[in-house]
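In structure tokens below, several structures.
After this come two complexes, each holding chain A, first together with chain B and then together with chain C.
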Partner chain A sequence: MTGPLIARRALLGTALAAPFIRPSFAQGSDPYVIGTLFPMSGPNGEYGKLFTDGAALAIEHARADGTLRRPMRIQAEDTQALPQQGVIGMNKLVNVDRAHYVLVGFTAVSKAVAPVGDRAKTVMVNGGAVGPDLAGLSPYFWNVIPLAHLETQAFLPFLIRRNLKRIALVYVDDPLGDAILGLLRTELPKVGGELAGTFSIPRTAQQFGPVAARVRQARPDAVYVASFGAQQAQIIKGLRDNGISQPLIGYSALSISSVTSIPEAEGVIFTSQKFDYTGGSEITRRFATDFKARHNADPGTYNANYYNATRLFALLARELERENAAVNGDSLRATLLRVREFDLVGGKGTFDDQGNMSAEIQVNEIRGGRVVPIA
Partner chain B sequence: MLFLQLLLQGIQTGALYALTAAGFALIFGATRIFHFAHGISFTLAGYAFLFAWNAGWPWWAGSLAGVLAATLFGLAMERVVYRPIQRHEGSFFTVFVAAFGVAVVVQNLVGMLAGRGFASVDTPLSRATEVMPEIFLAPIFWIAIGVAVVLFVALSAFLTRTHAGVALRALAQNPDLLRAYGLSSNRLSMLAFALGSAMAAPAAVLTAMTTGLNEAIGHHVMLISMAATIVGGVGSLRGAALAGLMLGVAESVALQFVDTQWAEAVSFLVLFAFIIFRPSGFFGVVQTR
Partner chain C sequence: MTAYLANLATLVAIFGILAATLNFVVGFAGIFSVAHAVFFGLGAYAGAQVALQLFPDALLACLVAAIVAGGLSLCLALPALRVRGEYFVAASLGLQMMATTLFSEAKAFTGGIGGLVAIPRPTVAGVEVGVLPLALAALALILFLTARLQRGAFGRTLQSIRDAESAAEALGKNVAAAKTLAVAFACAGAGIGGALFALHLSFVNVESFTMDQSVLVMAMVIIGGTGTLWGPLIGAILLLSLPSGLAFLPFIPATEVGAVQQIVYGLAMTLLMIFRPAGLVGDLSKGRATA
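For the complex of A and B:
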């Protein structure tokens, strides 16, 4: 065999083997893959942008601060807020993209993808869904948002103090709506209130005039809206246009601009977690300042939550990099349970054994298109 | 009183359904093209009106912009998508998939340009006041009914009393014979798309004022239009209009008897009932074999 022939064969062999050899050399500089399972299109697409904006800013800050040796990149999958789309996206993130960490939102999607992440031991972090049964869904499923039962616990005494005792509930027929229904059924009587009527609506419902007619008949003191996305604004407009003058109330999903910007939403009262963007910690002020500079708008709850979720990964991975340990679901979870307390937007974030972050709740009112804390 | 309130609201909703359904039925009846992207004509018309309104245009100019947007989209679909497909094989499935693909692309473009969220026109016309004890009506109730009646009378007159209208009906019956008489089926097909798409615009404008818009609203419109076309009798314009009205009323009045959850399902129960017991619909021709 001649020398040039051997050289050619060696070159060919090396070329063929290269794709298989590359990962072991390249792993050190490959980015951490942060998967996102958000609705990027459809009637809930507005949330996808809010969630992604928060996560993207956290990645930018981590890069600027040199928090990690390896960069982070977002791998987005569009769920359209539908469970089946979520499962397809989660399978791709876990099996194809080898995501290190997945950000999720929406109760139905979260519950659908949790078993997939659990099997793959991939950490999933929710910063948008509030269904109470999201707590303890999996050791790898964490929440950086207070769940609905915590919002309700803080909200109901406030309503009773305002003499809003008879509550009509307009709720979407999905796990989130069912969870709010269950909470109000059990918790309202405990504080001296009652459910004046419950009105379930499909996720695709567009016409709320007839629902308003039924709500009027229930003669409630206030109407609780438990839905999400564009439908919330449609419900509020539908109720107000059709003679419902009682206070409209709800939970943190009402903080999106398509709700706050409509005139019919004036006076809507809802709960969310507490953020003090002006007088808070340095991290909080930096987040608020940079977010405003980037998007020409004040940040909202969801921006902050997904910033926190992504920042949490950077903080955990930094600990693991210092120890030269692998970054995976088990090591991330072990580090979370060891450290427990992290500097996040809004102050110190403390996690319990199930991976749920505790946070203070505030009551807000929409005034002049802005969200104003009132209690 | 609840029944009367639900009936009145059903009539308002049904008037809007009738307009969009009649547009779809006109296109399908004349061309036999399953124009799945009809809902997008509705979406584009609504957003064109919304942009015009927010830009401070008068309502009539905004409405014209809506009609123009819907018509141009319908014409573009006929020329750029359906005609090339029909020139080759023109199977129902190919047409459906092409229309579905265009609908998804345009819906996402609308979302990117107009924002992914709820948008509505703020007008006192949509605010109901108590006209009788426990009966609330908004001025837009009368506008919706008035617009629907005027447009149906005008369309009926066009289809029965003008050469173009008669030719359009003939296109639905026998396109080969039409060509034998020297008429252009292509031009008539474009006319059907222009008229049918324009019919969606008034409903879109009124929807922007009442329930509001989001970029995905076209799917709902399409479902209702499809159901109304089947219930009314495929190819029958007055059947589709009547069925649209009936579906709107059924959806609303059903809340007197069933939980609010079932409102939308009622439309499709009506559809199933027709498919089983009267497959030819209200005014469709019974096919015997």
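For the complex of A and C:
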């Protein structure tokens, strides 16, 4: 074997090994590792940035306030919103990065990583997916976002007050859509409303002309869109382009910029957690002000949810640091169940035995590309 | 770190099974299927249902998965008997799209888009075992069978069909039987991979069995070297470990991690196919464009 060949192979070997070599830290200054399992690329990459921006601001605030003795750092893994990539990322976070706390989003990824986190006793917190089947996945799987059926339930009195009684539902045929369908079927008649028609669509559908024609025939007062991601904008555009002039309504997934920025979304009404950024608590106002200063844009629901998820870790870990207790999945969970109520963006967040947060719901309208609370 | 590498090795072994079995039909029989994820999915759902409804015996789950996927391989074999080349690619594409829809809609069997959750950990003879040794054993068995079949009369028949189907038929080879058997073997193997995948993840849903997955497995075969024994396994190792390795790069900002990884990953693949067009293990003299 020639000298240059050996040198080349040695260089190649070193280069391949380099990513796995980590600097060692003294135990006392080890940062708390906040793992994130978000789609950072692909069609849902828009969400990953929204989620991360919220978490990053919470870390900055905790550092500025001296909330914790040790710093926090984000360790990001790209899931592309796919379960298989999520499991690979979760295994890395748990076994290599020794993450103390993992932020997750998207229903399928959440379900796929829950067994890994459960076995490792690592707390996983969802602030983005709202499928009702996410409740109770594991004692270590918590939700800091009211699940979709709770949002929809709170929406009904508003709809009746607005005289939007006949509702047509355009829904993705998945657990989220099924849950909203089931709720509208049972609860809408109880408050004096009526389900005028239900229109199931595949998750990958992009053309909505035929659906719009059937919606028009149903003569609804409003059309509820139960989808998520970029498809929502396509549905809204498809319905408007095909002559649907009735109000379009939905849930918190509509707060993303790919929806709010299109002209067809003007007047869309949707629910989300209650966030009063001007007259709310000091924590809420500070979040809104600093977020706007940093990103030159108003914060959205997902920014706030992942801010809350990260802030929740800081509050729990602070309690444990005061007791000189170890910060791990079991101690975090025990503290959550002991304290139960936390000051978060939007107000008090209260957690049930399964780690699901309940919060006040507000109704928003998209006006001029902005999300404006109206009730 | 060990647990992380074990998880990655398990996925590499499972995708090695998939790539090796796809290579059997693509590389040896010349049947270019882009529907391999369908049989991976059928095996995954069958194995998951065995574990959920009966008991989580890994061998039983793999056996049922192989029977279901191998039995339903006729869906792929029938068009393979009638059309060739790009026409068959189109037919298998249709099968892939139809199956994805069925996986989403057949909620009683697949759980719909929500999938099947809480699949118990696998056991063998009542003892809980990890999926890694099972996947490695299955991979070794499939590679062994592939090597044996490749060198035997059946393998030579398949290669003659691949190179000149009409000539093979004229020489008295039973083309229909050979193609059907090749597809059944490959699909049964993919089914075993699917069962192991379900037992490993404890969760399956349709998002793991889409067209993208079929394309990924095809890429493993092509990058490793079509028609070689070890090439598909090398391709599986490369395509799964490269993005995982990129995740260790510490200097990528959190919000850009996905984009940077995808660019580096895509660039590496492009360079590889420019300099090794016949795949990493393939014949260097093949695949290059000639002036």
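The criterion applied here is as follows: the second predicted complex is superposed on the first by the 350 of 375 C-alpha atoms of A that agree within 3 Å, B and C clash if a C-alpha of one lies under 4 Å from a C-alpha of the other, contacts with A are read in each partner's own complex, and residues count from 1 in each chain.
Criterion: a residue touches a chain if its C-beta (ideal position, glycine included) is under 8 Å from a C-beta of that chain, and two chains touch if they have at least 3 such contacts.
Computed from a prediction, not measured in an experiment: that's the story for all the values here.
Determine, under the contact definition given at the top, whether A:Gly238 touches first (chain B), second (chain C), both, or neither.
first
Figure out whether A:Gly35 sits in contact with chain B (first) or chain C (second), or with both, or with neither.
In the superposition, A:Gly35 touches no partner, neither chain B nor chain C.
Under the stated touch criterion, which partner chain does A:Ile262 make contact with: chain B (first), chain C (second), both, or neither?
first
Between chain B and chain C, whom does A:Glu46 touch in the aligned arrangement: first, second, both, or neither?
first
Could you tell me if A:Pro202 is touching chain B, chain C, both of them or neither one (first, second, both, neither)?
It touches chain B and chain C both.
Once the shared chain is lined up, is A:Asp173 touching chain B (first), chain C (second), both, or neither of them?
In the superposition, A:Asp173 touches chain B and chain C alike.
With the two complexes superposed on chain A, say which partner A:Pro83 touches: chain B (first), chain C (second), both, or neither.
Once the two structures are laid over each other on A, A:Pro83 reaches chain C alone.
Please identify the positions on chain A that touch both chain B and chain C, taking each partner from its own complex.
41-42, 45, 48-49, 173, 202
Can you name the residues of chain C that touch chain A in the complex?
Those in contact with chain A are residues 1-4, 7-8, 11, 101, 104-105, 112-115, 117-118, 201-205, 207-208, 244-250, 254-259, 261-262.
Tell me, which parts of chain A touch chain C in their complex?
Its residues touching chain C are 16, 19-20, 22, 36, 39-42, 45, 48-49, 52-53, 56, 74, 76-78, 80, 82-84, 87-89, 91-92, 94-96, 107-108, 111-112, 114-115, 131, 133, 137, 172-175, 178, 202-203.
Which residues of chain B touch chain A in their complex?
2, 5-6, 9-10, 12-13, 107-108, 111, 115-120, 122, 126-130, 134, 136, 138, 210-212, 214-217, 220, 251-252, 255, 259-261, 263-265
Which residues of chain A touch chain B in their complex?
Answer in residue numbers: 41-43, 45-46, 48-49, 173, 199-202, 204-214, 216-217, 229-234, 237-238, 240-243, 256-259, 262-263.
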